[in-house]
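Report on one structure; see the data block that follows.
Order of writing sets the labels: A, B, C and D. Residues in every chain begin at 1.
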Amino acid sequence: MDIAPYALQLFSGLSRAMVLFLLSAGLSLIFGVMNILNFAHATLWLVSGYVTYSMFTFLSQQFGASPWMLLPSIVGAVALMSLLGFALERFLIRHTYARELPEQLLLTFALVLILGDAIKLIWGVENRRINLGVKPIEMMDTLVNPYQFVIIGAGVAVAVGLWYFLHRTRFGKIVRAAVFSRSMVSALGIPIPLIYSGVFALGVGLAAFAGGVFLPLLPMSLGVDHDIIVQCFAVVVIGGFGSMLGTFVASIIVGVVYSFSILFWPDGALAMIFLILIVVLIWRPWGLFGTELRY
Amino acid sequence: MKSAAPQRAANAPGRRFAVVLLALFLLVPLLPGEFWTVVGTEILILGLLAMSFNLLYGYMGQISFGHAAFFGLGAYATAMLFTALKSPDGSIGVPEFLLSLLVGPPVAAVGALIVGFFCVRLTGIYFAMLSLAFGELLFYIVFSWYSFTKGDDGIQGLLPPHYFQDPGNYYYLTLAIVVVALLVMWRITESPFGYIMRTLRDNQRRAAFLGINVRLHMLANFVIAGAFAGLAGALWGPFSRSVSPGLLGWQESGIAVFMTLIGGAGVFIGPIVGSVIYTMLQAVVKMYTVYWPLTIGTIILLIVLFVPGGVLGLVEKQIKARQGRLSDGGGARAGSDEE
Amino acid sequence: MAAILEVTGLHKHFGGIHVTQDVNFSMEEGEQSAIIGPNGAGKSTFMNLLTGYYRCDAGKVVFEGQDITNRPPHWVARRGISRAFQISSIFSKMTVAENVRSAVHAQMRHSFSIFGVASRIGVEETGRVLSLCGLEGKRDLVAGELAQGDKKRLELAIALAGKPRLLFLDEPTAGMSIEEARSTMELVDRLNRELQLTVLFTEHDMGIVFNHARKLTLMHRGEIVVQGTPEEVRANEIAQKVYLGEHHP
Amino acid sequence: MTQSDRKWDKVINDLKLSRRDFVFSSVAAGVLTLTPRFVSAQAGAPYKLGVLLPSTGTGANYMAHCIKGLPVAIAELNKRGGLLGKHQIQMIYRDTETKPDVGAREAKSLILNDKVDAIFGTYSSAVALAIQEIIHEHKVLHFAATSNSSKITQDNYTPYTYQFCPDSNMQSGAVVVAVAKMAKKNGWKSYVSLGQDYEWGRDTHKGFTGSLAKVAADVKETRQLWFKLGETDFTSYITAIMAAKPDFMFGAIAGKDAETFLQQAGQMGLFKRVPFPGGLIAVNDLKAQRKTLPRGMIGLARCPFFAHLNEPIMQAYIKRDRAAFGADDYPDDWACMYYDALGGLEQGAKKAGSVSTEAIVKALKGATIDTCRGKRTFRDCSNQLEVPSYVGEVWDSPDYPFPIYKPDTMVVVEAKEVWTPTCAEVDKLKKKRA
């Protein structure tokens, strides 16, 4: 049996998985700490893709075109978007903590609509893309896109970085404590509102990072956020709300299953994601790595 | 602080308001031009969908993001029977047409029974996610099962019998069906079952210790809500002359949620008032700008921030505040809710 | 008198922690008794096991000769066991009368009646329960806005609307003024006396315990330490050591 | 200069100055909607034209040029007096969001509220099928110039719909002509299909497999892959195609998905292993992917301006387009086809001597009109304009800032070569309308 096609499919599944993880990590973090399911997460991701595009274009015009201009562009986009995230939490999200779930969802959904039209106003309806001049490389008797290694690397780096942040830094430990007990954290004299603003900014920053990293792979276009946010929800729920490890594992499951479905049952590939989601929700509603306590 | 405030028994202002609303609805076709009649039909059908959603949200306390799946199932069931019953010349008789409308609710109810069987095991965010997952799954089934559902093409040619092609006549048919459906819903919400739903909304554990089989009651309500959504779907196909898989998608469910929260989930007719506001705004705003999402997004933002409880919730609060001033009563303010 | 409740070898653990260990317990019809013990002794867990809210790992619960072990709460409730919770558990967005009325409907097996008119069913019974609990003056108030003592009383009313033969009360007077606590316990006594209602309650206030319970069960770390009349328990050495001695008066 | 002329000049000036074309074009559409009846010496009633195209969803990038280009073309026509020299055209634009139910609602709104006389649109074939029900019932003229499922003119035929775009069968037929030649030359035996899972993708695929089986029975399809509109990550599809090791692949992909697919497939080197002849590569794709499109790739176009540079109408259009939007801005296929639709409306009214819908419908039946693509005739049985399809090799041209099809290899497949099915068969396909 020739295993090369399967290995290749696994590789493309992993690449897809990291795409999903980069997108879902911030969503999962925000939900875990703040109990806010942010519908606008993918839209913020999309906005940051456009921002990165504009920065890349600007830098290329100023200092000459080079693929490396992507790096400062991503840094700039992450900084800008984190600020936006901070402001969104301060001025909008904060007012809904005491509200019921649907009102929180609705607020973030309103942001989806507003930001979507904002993109249309600022960048128009034409797709935005950049070209790094990436050339395919030969691997296992076939060709792959080397940028996929960048994506996988970025996904793993973010996973490791988040782990380090949550387990080894003071702020991270506080954030993790907030996942389990809000009252305890506030009893320690740590201002919860500041934690929330910080976490929201961090979550949006992660989305912004994902937006910048995907830009060379995916032309930014209006409306992709609507399709992808539902898949992100699926990943976060399967992994377990608030569990970064869960989000990581769920991304791999969803990415790889999707990839192999395309090989064996292409028509059902998307339905497979929702089947997994349904099975997990029925079997363990709190997700693979979530804790039952957070009902 | 609550969007789902207590549903009071029909008080005099509420009843008066409902009568005025009905009278206004009866007069819509008298407006010049057929446009507002068509908008009115849309208000009624989507309002019925939102009302059925509110049976789950306002009365049972669970938010379903897959509710449009039953709207879509009803629409497809009707569309398929409609197509099968059409005579060779492409027309359909009135009895066949009405028969095809009737098939929507039971098919949707069966769908709701299957989906609900799993959903009622969960509450809160998990209920929302599972209903979303099932909704999307049903969407993909309809979308991908090309040989049976025609996939993304949808089904066209749902032209109702000659008499109902007139927008005014179709409007009155819709109004009659929706009013009857709303009366039935009203009876249900004011029945012992309806109040049991409110107990489940407020405190499921307590309800269980009263001897209430929580899941079974939730399932019953889920099926009822699904059937009404299916009825709305049945009316949609012949109104729009076609159906497409988008009717089952989560964005369609989102519209029902919008309407409910705009109008007010805590008041029986809140969702239909929300439908009036949403649909009319859409019709008017789209005449002037393509930035409809921006407009409605901003409105929703403002409502969530400043008018929690929706428009009718605000009105109700005002009335209560006035009554409170008159009687100088009001219970003691007490601590937080448990659960 | 026949035993109305018979518990043998009840066992429950969460993870590695044993919260209920080999509990044998029985109550006779018409009895009014209390479970005492320090915080975390397993009193609430015990009630949750009896009413089917938690699953037992081992053991048997028999009510009126019928095995109710691991039956779901609603099934247990329908057999005639009602309970009230430590933290008052009511339907906070409904009015006081609606709270009780729905409990009455559930008891009348009207919970699936979708075309009946709720406000016309069980009106009398609702009124009776409300006046029994002294809540008729507050019937149209929203339950969530009641004072803490009234909430507890409402919960008792909800429990009574189920026409139970066995009533579990978890800290029935918590958060009440002395006066409210007294009248509440008097009501409990009256129910026990006049309706032959079997009552089991937990309580921190030893004054109330010794005045209103005819039998006491002391639990500690999930186990029953002593059982007997108030006098016997008071005299028991272990009881004094684990609980009574250290406890505030 | 009349008042309306000044208004139009302002609109055009705005468009010229704008960097964010879309914003202004939609503002322009707003101006058009709000513009009161034009005052002109012997003006007839204004002719209201509803335009139903998406500015949201997968087709938005294809339609952007159309949406900004149509007001300019209409302004120019109005300057000449409008239809029949006296009916100023008033354009009313609505977004279909690429959703059939939204399209149907907006069609109703245009017809009942704005009382439009004709509707141009839509992008998605599924949306087109949905709005045909509405336009047939209300007897409103409908010109389709992008959505090209053969069902629009066949199964779902209505006399009120005229099609200015080669339909999916004609396009697939054209690809088959090219592919069959290449298969013979290269000894190709197997292929994999990748399609957008919706009406147009399915229909195009069916057309291709059907016609290919007739001319090259030994070439077999080994796999079919379908993806949902709006897919963002084609990696897994691309590896699946490579795994199947076909001799070539067939694609039914349009809109932003085509752009995403071509970019990702290019980066993964798919086309080095698996030739992809005959995928839709329209002028806007050539422009947007000027750097990345593999040169030498065989593409399919619907109405590329560079194929008809000697047609006066095309010349005039290009000139006006570059004047309005900058010298680098050449009209894309979609804009050209809608421009032809506008021309069709003008000529139809002239032939009919009236702007009444019934008169125009009758006048255009089987009529020959002047278009960007030369003199073209409507097919009698289906109102399908006999327009060719274009298959060619992506090639760097010295004349344009983006690649075009190499002129000496470009094949213009005339409609008559790929007419399927016959008129008798079309009549059988037509569904009965009550």
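What we mean here is this: contacts are C-beta pairs under 8 Å (C-beta built on N, C-alpha and C of every residue); 3 or more make two chains touch, one makes a residue touch a chain.
The shown structure was predicted, so the numbers you read here are calculated from the model rather than taken from an experiment.
*Asks:* Moving only between chains that touch, what is the shortest number of steps from subunit A to subunit B?
*Replies:* The least step count works out to 1.
*Asks:* Tell me which chains count as touching both subunit A and subunit C.
*Replies:* Common neighbours, subunit A/subunit C: B.
*Asks:* Suppose chain centres are the mean of their C-alpha atoms. Which chain sits farthest from subunit C?
*Replies:* Relative to subunit C, the chain with the farthest C-alpha centre is D.
*Asks:* Name whichever of B-C and B-D has more C-beta pairs touching across its two chains.
*Replies:* Between the two chain pairs, B-C has more contacting C-beta pairs.
*Asks:* Please report how many Å separate the Cα centroid of subunit A from that of subunit D, as a whole number.
*Replies:* Going by mean C-alpha positions, subunit A sits 36 Å from subunit D.
*Asks:* Once you find the CA centre of subunit C and the CA centre of subunit D, what distance in Å lies between them?
*Replies:* 74
*Asks:* As a quick test, compute the distance in whole Å between the mean CA positions of subunit B and subunit C.
*Replies:* It comes to 41 Å between the two C-alpha centres.
*Asks:* Among the residues of subunit D, which ones contact at least 2 other chains?
*Replies:* 55-56, 197, 226, 228 - these are the residues of subunit D that touch more than one other chain.
*Asks:* Could you list which residues of subunit B touch at least two other chains?
*Replies:* Subunit B, residues with two or more chain partners: 2, 4, 144, 291, 293.
*Asks:* Can you list the residues of subunit C that touch 2 or more other chains?
*Replies:* Within subunit C, no residue contacts more than one other chain.
*Asks:* Please list, in label order, each pair of chains that touches.
*Replies:* In this structure, the chains touch in these pairs: A-B, A-D, B-C, B-D.
*Asks:* For the complex, give me every residue of subunit D touching subunit B.
*Replies:* 26, 29-30, 33-34, 55-56, 93-95, 99-101, 104-106, 108-109, 112-114, 125-126, 129-130, 132-134, 137, 151, 156, 197-199, 202, 226, 228-229, 431-434
*Asks:* How about subunit A: which of its residues touch subunit D in the complex?
*Replies:* 4-5, 8-9, 11-13, 15-16, 19, 116, 120-127, 129, 131, 134-137, 142-145, 147-148, 217-219, 221-224, 226-228, 258-259, 262-263, 266-267, 270
*Asks:* Once bound in the complex, which stretches of subunit B touch subunit C?
*Replies:* 2, 4-6, 9, 187-188, 190-196, 198-199, 201-203, 205-214, 217, 220, 224, 331-335, 337-339
*Asks:* Taking the complex as given, what residues does subunit B use to touch subunit A?
*Replies:* Residues 1-4, 57, 63, 118, 121-126, 128-130, 132-134, 136-137, 140-141, 144, 250-251, 254, 257-258, 261, 291, 293-294, 296-298, 300-301, 304-305, 308.
*Asks:* How about subunit A: which of its residues touch subunit B in the complex?
*Replies:* 37, 92, 95-96, 98-103, 105-107, 109-114, 116-118, 120-121, 226, 230, 233-234, 237, 241, 267-268, 270-271, 274-275, 277-278, 281-282, 285-286, 295
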